[in-house]
Structure formats: structure tokens, C-alpha cells
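Two complexes are shown next, each including chain A; its partner changes from chain B in the first to chain C in the second.
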Partner chain A sequence: MNSTPQLTKKNVALEVRNLRVVFHTYAGVVKAIDGVNLTVHSKELLGLVGESGSGKSVTALAIAGLLPENAEVLEGEVLLRGKDLLKQSKKELRMARLTDIALVFQDPMTYLNPVMTIGTQITEIFTGNLKIYKDELIQSRLDQIENELRQETDPKKISKLNEEKTKLEIKKQNSSGISKKEGKRLAKLLAIEYLKLVKLPEPERVFKMYPFELSGGMRQRAMIAMALVRRPAVLLADEITTALDVTVQAQILKLIKELRDKVDAAIILITHDLGIVAETCDRVAVMYAGNIVEEGDVIEIFKNPLHPYTVGLFGAVPRPDIEKENLEPVPGSVPDLINPPSGCRFHPRCPKAFERCPKSKPPLIEYKPGHKVACFLYGG
Partner chain B sequence: MTQRVEEVPFEPRSVYRRRSGRISEIKYSLYLARKNPLVLSGSVLAIGSILIAALSGIIVDPRSWAFQYPPRYYCWNNPWINWHLQNIKPCPPGTPFYPLGADAFGRNLLNMIILGLPIDLQISFSIVISAFAIGVALGAVAAYAGGLIDEAVLRITDVFFAFPGLVLALVLVAVFGRNLTILTLAVLVVWWPLYVRLTRSQILAEKEKPYAEALKAMGAGRLRILFLHIIPNSIYPVIVQATLDIGGVILTFSSLMFLGFAPSPLTPELGKLVSDGISFVSQAPWLVIFPGLAIVLVALGFNLLGDGIRDILDPRLRR
Partner chain C sequence: MKLYEYVIRRLVLMVFVLLAVSVIVFVITRGVPSPTYALAPYITPRMTDPQKLQTAVGLGIAEPSCPSWVDFTQSAPGCITPLYVQYFSWLKQVLSGNWGNSVIPSIGVGQSTWGLFVARFPYTAELAVAAALITVLFALPMGIVSATHNNKVPDHFSRIVALVGYSMPVFWLAFILQIIFVIYLTLTIHGNTFGLLPSSQTVGTDCALCIPNPGNINTYTGAPILDAILSLNPAYFWDALLALILPAITLAFSTLGALTRIVRSSMMEALRQDYILLARSKGLRERTVIYRHALKNALLPAITITGLILATLLGGAVVVEEVFSWPGVGQAALDASLFLDINFLELYTLVTALIIVVANLGVDVLYAFIDPRIRY
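Take a look at the complex of A and B:
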């Protein structure tokens, strides 16, 4: 955790600006997300924490353009490679999901097609979109060959690999596409490479297996491989460890942390577990009732939480190193988002609330470099 | 049906795992079929009836159903056999050259059943396959698209559901003449809506499953999600229904024939053979029993096969 990334040098992968989402329901309009600002840089792990109903998942769905039909985006921008995803056509959005944004969901048991092998499900991404992925498939195979050549000593195999390399290079220069069979072969090799990357044992065998033949942790790995194989700019991991038991959780989190360095993606890790955030993330954003209340470097926030809600959250986490009779939960419960509290949405539960809080909403301001907070106690 | 699959012993899995590829998959399917007595008997019956139907023209003189036998060949009037019954009875099963006896017209009943099989199988296959295709396509699109398209498809199926099948057949036959193709169409018209409803209900349940959402999140197109992912997941009950209907269509057709829609009074369709025999059922029960048994066996065979196909093809039950 000592290597905090230098944010200024990195390029921004995804920027969410002033996002506001409401749900139209029978009971009324639910103001689920009220002005969320987020910036993620590539090769960065951002943790998005908050209790249930604070809008973490809705933020993710809004970024991917997968909100349910009764949702409406009132305003805001989701900038990915300089383009606003919210303003794009359905087809462009689909292409963005195909190539740039990947989601990994909570429950690996149900998010894989049960009657298709893992391999088919991964290679389908490429074989169904050969035109888009032609160059990438060929390039990745060339890289693989390059790697194999470095290790290979058998002259027969070396000549074979060289032969394949020249063939592929010719195909790369040709503007015409590659045949379906060739695409399938390359996709399979790439898929196996990624199954290896997520540390699945015997990737060639897993490739041929059906989801129900894998354990929960293996399925989650397969899902991560499936998400990463497209080389997305942003990976949204929505409570990926919730359905797994603790030892597997630890493995998956370790994997995610390792992958951050290997692939060129920004990872947003959505969770309600502060331990996971402390363990894996570079930066953390704390959400409460549709707002980001505090954002900053993990170490900074864990050492020096500013917002009363964040302080309350830490008070509610059991800690083995401090002897305490009772945990101190945050009093009250998540507000009704149909009629949210005026001003700062946390003020009815806030121990330090004063007269200014119900009147206006505190902006998210930079209290210290790399530490933003939305609370009147700290200016704003 | 599931408990049979659980009985599959462990070691063939490893045999299967060692090899790979399509051939071993087929071998494994055959192995599963062999292990399952119901599937085995079902496939024997189904494949047997298909074989007999395919070879019926070779086994039996294909014109014998309409052949005008000289009077002396009629068991019916043969005083040599039936002298004591005052010539009112077709010759019984076991008569030389008449293993199942003679039918109401004095023809060889076994030959007539063999000639009837291809007619029945052809009709029921064409009806079930086309109803299946129409039903799955329309039902899938309706369920997945939802909204207006769904409403439109459902109302159309309602219209066809409301059609009285027999009256429709009567009208069509009156307009176009007695013809097996016309009758097939008449049955098909009232048959396909069932498949639309069935497929639609399956897909409505399936499309809400998380993996469909995950596919959407991966940028898969709507058609790809529907045809490559959702339909393969929800098709199994429809397949079972289709195999059940192969017997059902034969029975429906028999009732049409019974009501006198047969293209010719001599058509050896199985249902027609039964209905011809009804009037003699007290004196010559075999006229009803044997063609009826043939219908039952064919229907049973395809039913068992259909059930087994589900168990064998569905990868969730397969391994």
C-alpha cells in the first residue's frame, strides 16, 4: 500500500460529472443519485463504499448505460475517452460496452449462461465481432508467439512458430477480415491466456467446462477473465466478493490487485466492506444517500476521516486491536430518498449538525491535496 | 427424470474427459441413452417406427391398400375359415398370411398398419416441426421484444386458439377437396399457437435472469442474446412438448379420419383403420386393438425419447 499512484501523471480513464439519476416509482420519484462526481485514472483501483441503498450500484449501472426502464438521468456527464456516454446512440453505447466498459457482477452463480461452456462464452465476444477485434486478435497472438519464441528451444517448434508469425503478419496488413475458423482459433488462444491470467487451474480444461462445473470462486475468476479479455478502459466490479466465502474473497481481491498492474484498466470496486477497501484500493469514495461525501487516498481517509458519516462508519467496524465493549453504529437509518432531507442529506443522523446543514447542500471541496470532503465543518 | 441421471456412475466421466471433441460428446450421449432404460426403449420404438415407415414400400406392396381382391381372397367371405359364423367376420389374427388378421375390408391388417405408418409419421412430423418453428420464432420475438409486438402476437394466437379445429377442417375440405395436405394444414392452423404461448412463457422467465443482463453489459446485441443464449436455455420444455405432440397429432388426425375426412374410404391411416374397425368391435376386436396399439406405441416411443433427449442434451443434467 505504500505506492500511492501519482494522480497528476496518470491519464483519466473515466470521469463522471454531476450525475443525477431518479427512479419513477408508484410511491413517488426516488432521487437515487444526486450530483455524483467521480474521476478514475487508468491503472487505479477506486473503492466505492456506502451502505445499502446509497447509490453505489446505480452509479455503476448509469455508467454502463444499463439503468432499468423506470430510471431517468436528469443531468450529468459520463466521459469516457472524451465522449459523453449518456448522449450516445444505443448502438454507440453497445459498442462502448463491448470494448471499453466491463462489468463484473455480484453473484457468479447466475451471471453466466448455464448451457454454454466458459470457452464459448468468452470466445463469442470475439467471434461475434470479428471485424472490430481482428487486429487485436492477431496482435495478441503475435505477442504470444513472441513470448513463446523466447522460451522455446526446440528448433522444430521455433520454425513452426515463425511460420505462423509470418502468416499472421501478412493477414495483419491485409485489409480484409480473417476467416471465422481462424478467428475462433485465435480467440481460443487469447481466452486461455486470460483464464491463465486470472489463475484458473488447468485453463484448457476450464475452457471446455460449463459454469455449473466450477466452484463459486472459479466462476468469479472466469467472469473477471471474461471482462478483462476485451481490454476495457474501465472495469466496474459490483460487490464481486459478496457471494463468496472469506478465503475465496481474499484470493479474488489479491487477484484484482495484481491485475490492476497487469492490465491497463481503471477498476472501480463497489463494496460495503471497509476491510476490502483498505486491503485493495488506491483511492476511496464514500457514498451516502446518493452523494459522495468524502473522497481521497485510502491511507489518508483511513487515518484521518473527516466527514462525520465516514467517522461513524469506522466506529461501526469491529477492530481486534482496540478493546471496546460495544460497537458504535451510526444512529438512525438511511433516509427515504423519495423525500430526502433538505440540505446535507446526512444532517438528521449527524452528531455534529448545526443550523447551516439543513439549509443548503455542502459541495465536495478539496480539504487537503488528495482528500475531498462534502461537509460544512471543513469549509465550503 | 432427474434421479436417473444421478445414477450415472463416475468412471465414464473420466473416460469422457480423457478424450475430447465432438465425437466423444456423441459417444457420451449414446452412453447416457444406453444407461437409461426408458430412453433406450423410447428410441427403439421411435427409430423402429421411422425405419418401418421408410421401408414400408419395400416390405409391403404400396398399392395393396387399394387393391381390389378377387372375392376368394377375402377372409371375410371365406367359408373355408369362417363357415360357422355365416361369413360375417373378417379373418382373425393368426390366419395363414394374416398374422394380425384382416381388416374391415378384408385386407391384410399388418400390411395396412405398415402402410399407415409413413402417412401418420409424415403428417405428424410436418405439423410438429412447422408448429415448433413458427411457435419458437414468434414466441421468442414476442417475449423478448415485449410491448406492442408481444400484444400483437398474443392477440393473433388468441384468434387462432379460438378457431374450432374440426369446423376449420370441414370448411377447408369442402373448399379444396379431401386431401391429406389440406388436412395437415387445417391441423397446423390450430396447433401452432400452443407453441407460441409455451415458448413465450419460457423466455419471459429466462430473459430476466442475470446472465442476460450480463451479456447486455458485455455489449452483446439483442438478437445474439435472444437466439444464442436465451433460446438454448429455454428450449428444452418446448422440445419435450414437441415430442409429446407427435403422438398427439396422430390421435387428432385419427379423430378427423373417424369423422370421415379421409381422402379415400380405403386410406390406411392408422386412425382410419381404428374408426373402420369400430363398427365390428364386438365380433372382431383386433380391428381396433392392433391399429390402436400401433398408435400407442409410436406415441409412447416419441414421448419417452423426448423426455430422454432433454436429459441428454441439457448440459445441466448431462454431467
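Take a look at the complex of A and C:
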């Protein structure tokens, strides 16, 4: 199992407070997200689980400011580096996406632009924003040169690298920007480094390839490289393994775990697969119908689930170690979010519901240190 | 398969397409009306009947065994050469470069059909290219703005422009423009009143903005604007450009709508795709998202339509050329069909078919450059 990072407040990467999002549709107002609270820390892997339609992806899009036009954020805060993203201008939001918040999506076939090479799709992040990325591009090339120098024995190449190093250091001191051509060259080298980092074979070749020339797993790795290359503070991974077959899934998850240690990102892994959460995450938040119903340490929640919905979810997963005649699905289905149930949105399906449940909404309370639950059975 | 292999294969196929077109054209022009029409360019009233018959025999239309001219004109049995035999002798003649003579009064009598066509085609090409350029220059931005400002003022505006252009009769628009720019908007220079723009393809003094006596140009290509540039004659260039404005705008306006609509819908389709969300999530500028990520994907259908538009325009805009007295092939084709100039109609139809086939091939080749998934 995973070593759990300390759950102190010292390095909170992203905090979502009381987020409420609705969608205006022809059928009515869909209350998709109803008061979500989330905290992720740097180098932490948080799993966000729930059924389809529980609002996991909407939460991710709301954090990145990429909600579709018919969505409206009613209230809430998304705090990143002490700033509320929801109150920022379009340009500031774009900057946040450029430098701090990265997304990786479900289907690597449709999310990569079919008519652009993998390389262009990575380097355009830098070449379109050379002013912002000048220092980072130069610094990462300098680091690359240091590494190469350590391994290089050919004196000719060493002198060549040293020459490049001096040139770059001058450019670094220089307050003026770098030329487009130089930016392109540096961006390419950085992109190839990250394609290597996500373990793509022959990164130089992949750089020049189009998405349709890659396999599903390779495309997903390329998309992860695209996200990580900006060194984001938060990585939102939305169902990144759903479209892949099981062996590739395992590889990608292993990669994500390894990368967590290499880059300082907080990772939110959105999934409906409890197995993935158990294997990969440090903490888990369970979503139901636009609410977080339970949140806590992975081991704690898997050992000791509190919320009836979480208990039901575990009952619905086949386990080879326990002999059962039938799986026990959670009765009923996801509620209609245009007219959601009053009070606790889970009460119509809850086996333990009592008279208080339909009347008011249970708050998310700390039942034990590091284990929060939103259910009246446990107070609140 | 390599691209050039594909192109060669298509070019070979093209020969068969053109042969099929030539059969259809031949049957329609020679088989349907009286066979004497094909003789029209070659006989004169002064000829005697035996001379006329001899000409017909020489052209491979009448059988040598035909007893008299009267029998021939009455299509007596055994007098007219079977159509398929006529076709092959015609094909042989045409392939050797002999398209016969023209009978269009005032513009073509006595001229060789090929010479007439070659002299007129550059005018049509000039007009077609200008109109296609205007179409693309306006339709592309209008379609894009329409898609990015869906259901807002710019969208409504461009949709109205597209719809109006689409549904307005071309000849009517041509007249309206002529009335405005030639009759209403006038300037008086040295006591003479001129319309702002010329109403026809003439170079010289019939408009206010024109430069009188622009001098002469050498004929390199036959297209006035191109020749003016090659002859380094700016005054002539200016006059030729002024003459081009009204017909080119008229033509462009009528083709603008189709392209705008196609660009709009394919842009909207592209902007809905997942890769646009990923592009935005990378923090790219909205400009980059629209013009790099969406537009490149939306261009394919637009290129198809543009290719077709250009091909159609190169085939000659009959109505516009007639209204603006534009000496192109479209105007000649209209006269040719009025005076039953079979030779010209045959040449005109075959060249139009050739242009469309080549344009389609060009579009297919362009596809491969724009979309890496398309390989031949």
C-alpha cells in the first residue's frame, strides 16, 4: 500500500470551497454540483470516485474554468496559490491553465488534434507564450546540458555543449526575450525530454508523429507529457484509463504514481473504478449526485466505510476473496438532478434513511481525524 | 502508394472520363439536330449543291454513295454516315488539333473554333480567379466569425449576407450594380459626365475613375490584367482592374453564400470537438485555438466547395459575362448555342469537363497536404 503523505495544512495545492454549479438546459436547471469541498496537497494523489453523472468531471472542468457555455457557477471558491480562480478574468484563468492547472482526459483519440503532430501540440504551449516561458525553457535546457555533460566523454561534444551553455547563460541574463527559432528549438528539446519521461519509446520519432499513428496507450502517455511539461501545481486526470485495455491501464497508473514523485504536482484522479483508487491513491473523495459524501485516507475508507453509499459501492464490487452468490448493487438509480431529492440526495436509495434525511442536507463533518463523512448517522 | 502515383492514376482515369463526355457531347450536338448543322461553318450560299455534298463527304458526314444534296438534307437512307463512324472521324480530327471553324456572327465567323476559344478563355480565367479570390476572402472570415459568435449579431449578419447572395438572381444583381455604379454615381470631368466604374470590359475613357488612353500592352497571356503587369503598364492595369470590379463582385456574391455556410457549419462542428477542450485546457490563446486547432480541421469541406466554385467559374459565367459584355468563353457559349455553333459548343463542353475533373484532382491532392490521415 501507499505511504500516506502527512495531512498537514502546510502545502495545500488546491482548495475547492462550497462549489455549486448548475446547467441551464431545455428540460430545466440541472443542479450538477451542490456544495463541493475538496482539498489536495502537493505530491498527493486524490481519488475522486462516483457513478457516471455524479459530477466528477464537472468539478474538474469548473476548477479549470472550462465549463460549457450553458453552465453557471452559483457560488464557491477555487483557491490556487491563495487566489480565487472563479473571480479572475478570462486572461488570468488562461494563465492559470497555462502554468498551474493541467488536465488529462479520458479518450486520447478524440482529445488530441488529429491534424497536428504530437510535437507541435506540446511545443505550441511554449512557442505561443515565449515571454512567460523564457526562463523555464533556458533553465531546463541548462539542466539537460548538465546531465549530458556528466555522461559525455567525447571531448568534441563536451566543448560543443559548453559553448551552448555559455550562450544560454548570456541569454538568461539578458532581459530581452528569445527568438522564435530559439524558442522552438528549446521547446522541442523539452518536449522530447518529457516524452522520454512518460516512457514513450523513440521520443524523437513520436515527436514528429500524428495521433492516429500512435496506439491508445501511447496517445495517453503523450497527453500526460503534454500536461506535465508545464510543471503544473495541479493535475486533473479525468478517467484517464477508461478507454484503455487493462494491461495498458496498469502501465499508465504506474506511470502516474512514479510521476507524482518526480514532479511536484497534486494529482486528482477522477474515476469510477474503486480498484484504481485502492491501488493508486493516497486519499479518496466519494461523490454522489453533486455532493462529496465521504472523504478520507484510502486505507481507512476501504477498511471502514461510513456513508451508506460508500458501503453500497463496495458491496457492488466483485471480490474474489469473499464468496458471494450475487453482487449487491445500490438499489435505485442516480437521481434526476433537475429535481433532486430534498435534504440528503441519497436518502431515496439509502437503506438506513430516517426521518431527518429528507429534511435537511447533512454537512461534511470530520468523524475521525482524516476521515470526513456527510451523513446524519454520524452526527452533524 | 505515393502521391504522384495516385495523381498519374487519376490522370489516366481522366482520359476515360473525357472520352465519355465527348461521346455524350457528340451525340447531343450531331445526332439530335439535323446533320446539316455540322456543315454550317463550311458551306456558303454561293456553293452549288454538288459542291456542298462534296464538302459533306469530305467532312465524313455524308456517304460518297449519296446521290444528291437534296437527298442528304432529307436524310435519305444510305446518305448519312452512321453516327459512330462520324464520331471516330471527328475524334481523329479533334485529336489532331482541328476543332473546325466557328459560325457565331460578329465574333467568330471564319475564325477557327480553337483560336476563338483560346483568345477568350484568358478573360474568363481572369474573372473566375478574381471572383474566387473575393469569395474565399469574404466567406472564410464570415464563416469563422459566424461560428465563433454563434447566434449573435455577427452570425446573423453573415447569415443574412449569405442567404441574400444565395437567393438573388445573378443578372438582377448585375443590373443593380450597374445602375448604382454606372448610372447613379457619376462624376463630370471637362463637361462630360461619366459613371464611376465601367459597365463593360473596355479599357480607356468610359468611366470617371478610368485613366484615358492608358497606352498599349503586349499580349503574353491574353488576360488584360496579367498582360498589363507583364508589360509594366500601371495605367492599363488600373483600367483593367476597374473593369473587373463589378462582374467579379457580382459573381463572388452569388457563390459566397455556399462557402460561408460550409465554413460556418464545419467550424462549429470542429469547435465542438474534444481536442478543442484539450487545446483550451493547455492555456492556449483563443486565437490559437480557433485559427490553428479548429480551422485546420474545418478546412477540408471548405476546400471541396472552393474547388467546385473555381471550376464552375472557369467554365464561364454565362449570365455575368453577357450582362457586362465580358469577352469570355461564357458569352461566346451563349452565342454559340443561339446560332448552333456545334464546334464551339463541343470544345466548350469538353474543356469545362476537363476543368472540373482537374479541379477535383487538385482538391484531392490538397486534402493530403492538410489532413495527415489522408494518404493515397
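Quick note on the criterion: the second predicted complex is superposed on the first by the 377 of 380 C-alpha atoms of A that agree within 3 Å, B and C clash if a C-alpha of one lies under 4 Å from a C-alpha of the other, contacts with A are read in each partner's own complex, and residues count from 1 in each chain.
As a convention for this text, a residue touches a chain if its C-beta (ideal position, glycine included) is under 8 Å from a C-beta of that chain, and two chains touch if they have at least 3 such contacts.
Here the structure is a predicted model, which means the values were calculated and not measured.
J.: Clash or fit: what happens to chain B and chain C when chain A is overlaid?
T.: Chain B and chain C clash in the superposed model.
J.: Quick one: classify A:112 as touching chain B (first), chain C (second), both or neither.
T.: Both partners, chain B and chain C.
J.: Which partner does A:226 contact after superposing on A: first (chain B), second (chain C), both, neither?
T.: Touch partners of A:226: chain B and chain C.
J.: Taking the superposition as given, does A:168 touch the first partner, chain B, the second, chain C, both, or neither?
T.: It touches nothing on chain B or chain C.
J.: Touch test for A:102: chain B only (first), chain C only (second), both, or neither?
T.: After superposition on chain A, A:102 lies in contact with both partners, chain B and chain C.
J.: By the touch definition at the top of the document, which applies to A:208: first (chain B), second (chain C), both, or neither?
T.: First partner only, chain B.
J.: Pick one for A:128: touches chain B only (first), chain C only (second), both, or neither.
T.: It touches chain B and chain C both.
J.: State the stretch of chain C that overlaps chain B in the combined model; pick it from 26-34, 80-88 or 116-124.
T.: The answer is stretch 116-124.
J.: So which bits of chain A does chain B touch that chain C touches too?
T.: 64, 66, 94-99, 102-103, 105, 107, 110-116, 124-125, 128, 210, 212, 223, 226, 230
J.: For chain C, which residues count as touching chain A in their complex?
T.: Checking each residue of chain C against chain A gives 273-275, 277-286, 288, 292-293, 296-297, 370-373.
J.: Flag every residue of chain B that touches chain A in the complex, lowest number first.
T.: So the residues of chain B in touch with chain A come to 17, 20, 209-211, 213-221, 224, 228-229, 232-233, 314-316, 319.
J.: Quick one: in the complex, what on chain A touches chain B?
T.: My answer: residues 64, 66, 94-99, 101-103, 105, 107, 110-116, 124-125, 128, 205, 208, 210, 212-213, 223, 226-227, 230.
J.: Okay, in this complex, where on chain A does chain C touch?
T.: On the chain A side, the touching residues are 64, 66, 94-99, 102-103, 105, 107, 110-117, 124-125, 128-129, 210, 212, 223, 226, 230.
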